[in-house]
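Chain IDs A, B, C and D follow the sequence of writing; residue 1 opens each chain.
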Amino acid sequence: MKEYKIRLEELSFFFGDFQALDQVSLEIRPREIFGLMGPAKSGKSTLLRVLNRMCDLIPEVRVTGRVWLDDEDILSPDCDVVNLRRRVGLVLSKPMPLPRSIRENLVLAPRLAGRERGKMEELVETSLKAAQLWEEVKDRLNDSALKLSGGQQQRLCLARTLAMEPEVILLDEPTSGLDPISTAKIEETLSQLKKHYTIILVSNNTKQIARATDRTAYLLMSRIIEIGDTARIFTIPKDKRTDDYISGRFG
Amino acid sequence: MIPRLHPKVTQAAAKTLLWALTGLTLLILIFIIVNISIKGLPQMTLGFLFQDPQDMGRHGGIFSTIIATIYVTLLAIVLASPLGVGTAIYLTEYTREGWATRIIRFGSECLAGVPSIILGLFGFVLFVMKLGFGWSILSGGLTLAIMVLPIIIRTSEEAIKAVPQEYREVCFSLGLSQWQTITRIVLPSALPGITTGIMLSVGRSLGETAVLLFTAGSALRMPTTLFDSGRTMAVHFYILAREGISMPNAYGTAAILMISILLINLAAYTLMQRLVKRYS
Amino acid sequence: MTISPADSDKILQCPLEGIITLRRLNLYYGDFHALMEVNAAFQQQSITALIGPSGCGKSTLLRTLNRMNDLIPGIRITGEVVIDGQDIYTPGVDLTQLRKKVGMVFQRPNPFPLSIYDNVVYGPRLHGRPGRRELENLLEHSLSSVQLWDEVKDRLQTPALALTEEQQQRLCIARLLAVEPEILLMDEPCSALDPLATLRIEELMRELKKLYTIIIVTHNMQQAARVSDDTGFMYLGDLVEFGDTGQIFTRPRDTRTEDYITGKYG
Amino acid sequence: MDQGKFVERVLFLLALSSISSLVVITVFIFLEGLPLIFQTGLTDFIFSSHWAPTKGHFGIGAMIVSSLLVTLGAMVLGVPLGLACAIVLAEFSSARVRAFLKPTLELLAGIPSVVYGFLGVIWLVPLIRNYLGGPGLSLLAAAVILGIMILPTVISISIDALTAVPDIYRDGSIALGATEWQTVRRVVLPAASSGIITAVILGMGRAVGETMAVIMVAGNAIKLPASILDPVRTLTSNIALELGYAAGRHREALFATGIVLFVIIMILNLSATLITRRR
């Protein structure tokens, strides 16, 4: 069996003159929750957006190095970006349901990806259940998704990603705007999802990384400072800068 | 040296003057609407609307001109909408700001500034003469389409730009292609704005005279094919008024014309406000 | 509204009179209670800093002192703001005279899109019809007061927007000094500037306090500690603590103040 | 070719054909009109006022002058009125008043030009004839009607220019003790000046290009006007009045008139774009 699900080899990333990632190498194992932490502008969101090529949307970017998803080089020009994004789902930091009904939000992508029409109802139910939203919305699937609360909207966004049946889920500070209760619900959901998915969680909340992830990488000024088991990093960090960060001396 | 007035006095004077001028403008507007309505509305009977004009418009109604207006306008909108909306999509979604967008946008602005009489000349020489369509619904519709194109491009572009960028990000991250993103999310969200542009274009088309006089002609018969000449309401009104054929009928035509345009524009405006409110 | 023991405690801490005295000042934006029972006194020829986390009402408080808040619809103010013995919220107060006396420097430098010269003489021209000689004296004097004269005296007709951010902020202060105010309100005047420029503006403030009363809003606690004589700490619309800067930063009386200045939140 | 590329090409073609209509218009007008200008000579065509197409005299000098005078008159009336409305709407009215006034004034844009011309004939022309003298159908009548017709253009572009001025300038001025009016006159208007100039230029473009209303009220006599009460014929009316029956060289002369009009309009549009871009 493969050792990794995603493998980065000396990945560097430039916005015009600014280097957002500098020679980043790391491996993410199948079915783990991998945490990326670091202060603002350390490059963690950029890294996430390379993994499903959302970075293509920004003008004047340059990428060097390689990124393997299983054994496919996703940075190669031959890579089918649309298909890649179906395999690697992304949940943004701001809850962003589309201005449609709850059901429409969930079935839009699978339908366009050509999934069987008869399976849609089942898909809606399983993905909402997986995101622990089913009980709250099952009676109003045709209501506008914009009517949900912030926490519910974010779980809907998660469910929407799950409905695509991706292999990897990327989460970009998914709880940054949410209250503690919603945050706890999302974290609990993630620990359930880990059984089936590879999850990468970006957060600038070190406590959340400590609670929710299996392994962690610490990014500072576009570079990886330290990678390791989360428990180890938070108890005996090897690098002084990691220690400073997790003990809250800056960032 | 003139004694200096206290700033508060100057302010009061300036505000009074500005409000007075604004009031004057409003009065002019009210005068136009009230005058046309008072003299025109009594003419607006079912008979007037649904009878064909007789004796050069001296008697009878204006049914054939209503039909000609609808034909010409419909043709213009059907031709200009896909072109205009497509151009707007290209400008907003497919190109980064650069020389191509700048040229297209500048071209569209220039087109918006071309006076209708020039468009009339152009339609006359190209469609009526060179292509041999004659004075016809087809020539009129084609020329009108060029006239309303810049309106549709501009409003559609604004409407598409108003759709939050995050929606596009969400769609891409869900594995939708760019075209799917545009058709499933961007265009439906921008639809009220695009509709506004189309409605404004209808308004412009209804009131246009100079273009149609030289492209659609002024035959009073009911047009049955695209190649028939047709007299629109605005042209009919112009001829009635200018040649003094029948003042009551002129007023009646003007009232119908004006009220329908105002209603369309008002609806377009309301729709646009709703769009603005939704995304701000 | 009754005064709770905590409130009465607060009143006793601050001096009762100053060039500006606030008594039981309340401010509402619609339903939102933005300032609650604020009592304070600001002393002449000194620098008072207002600190607190964002949204605590410090800028709002500053803007009540020259009635800039009047421009916002749906605002309601109760209580007294006494400047030089006059309550500025009584009817009939001449707003232009008030704002002439109480000048304001904004967060982002906002020179008008006019020449340097026109920016400085803008105020004097509003309030009278000064002669050329008078304007030239004013110009040199106010630009010298902000140490900008030597840098710009040869290019007074160039657009003010061509200056650096720091120079623009100095120009804005010069523009203010040209109308001869007594009180200067500064709303985070250094937030758009780099650290060196910040230090130079602070130097200027210390210079200016010899002649003017200065009230500065800042989110930078070090800045407050460096430049101010008195400090007020605000939290959720409440002026929690007000007093000598040294005391506030070394022996705060309120735990909320202590938590804030030690960085527990903010 | 994959779907994305295909769609992009199609849309590019649509965009291209949208602006190509402008090119085609230009080409056709010039093709039809230029030969006559060359035969007559550009100076004769532009500076002579002798227009007798059946006898082979093609001079449009009087019409150029009339067009410019009518436009100038329209500006004298329309700019102060339009600017006043814009200032009131952008600076001096509450949100509720604005929500009512703005759409109401925009209705002016929807009224067809023939209606303006018609009301001009019914109301304005007799007023001028009875109180000021002359035939009534005159330069003055055309200027007044055009002045009203350009209001929507002037108002809406000026409002955009005024609202684009950042509030920090207004705050800075008010904080120095300026009244609202002082702030508007000394800071906001100068800051918005390029946008307001654009509004005026585009208003001029509308006035120069307007046809139907002018035909109805201007009197259409081909001579240099001696006073504002004289009837005049503008470039646009000349085309509209004669195109219906013109043939041969006469028709070419009308296209040549169109070229002059087109060039004037393009110069105005170009300068408006340049001014906007400089900002």
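We adopt the following convention: contacts are C-beta pairs under 8 Å (C-beta built on N, C-alpha and C of every residue); 3 or more make two chains touch, one makes a residue touch a chain.
Quantities reported herein were computed from a predicted structural model and do not represent experimental measurements.
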Completion exercise
Touching both chain A and chain B we find none
Exercise for the section: Tell me, please, which chain's centre (mean of its C-alpha atoms) is farthest from the centre of chain D? Expected result: A
Fill in the blank from the handout: Winner on contact count, chain pair B-D
Completion exercise
dist(centroid_CA(chain A), centroid_CA(chain D)) in Å evaluates to 56
Completion exercise
Between the Cα centroids of chain C and chain D the separation in whole angstrom comes to 49
Practice task
Measure off the straight-line distance from the CA centroid of chain A to the CA centroid of chain C, and report it in whole Å.
Solution key: 45
Completion exercise
Rounded to the nearest Å, the gap separating the Cα centres of chain B and chain C is 52
Practice task
Any chance you could list the residues of chain D touching two or more other chains?
Solution key: 178-179, 182
Exercise for the section: Send over the residues of chain A in touch with two or more other chains. Expected result: none
Exercise for the section: Check each residue of chain B and list the ones that touch at least two other chains. Expected result: 7-8, 177
Handout entry: Category of the chain touch graph - line, ring, star, complete, other
Key = other
Problem - Contact pairs between chains, per stated definition - result: A-B, B-C, B-D, C-D
Completion exercise
Listed in rising order, chain C residues that touch chain B in their complex are 96, 126-129
Fill in the blank from the handout: Note: in the complex, chain D contacts chain B through residues 3-4, 7-8, 10-12, 14-19, 21-22, 24-25, 28-29, 32, 80-82, 84-85, 87-89, 92, 101, 103-119, 121, 123, 148, 151, 178-182, 185, 202, 205, 208-212, 215-216, 236, 239-240, 243-244, 254-255, 258, 261-262, 265-266, 268-269, 273
Fill in the blank from the handout: Counting only contacts in the complex, chain C reaches chain D at residues 66, 68, 71, 73, 95-100, 103-104, 106, 108, 110-114, 122-123, 125-127, 172, 175-176, 179
Practice task
Quick one: which bits of chain D touch chain C in the complex? Just the residue numbers, please.
Solution key: 94-95, 166, 168-169, 171-179, 182, 186-187, 190-191
Completion exercise
Within their complex, chain B touches chain A through residues 96, 166-177, 180, 184-185, 189
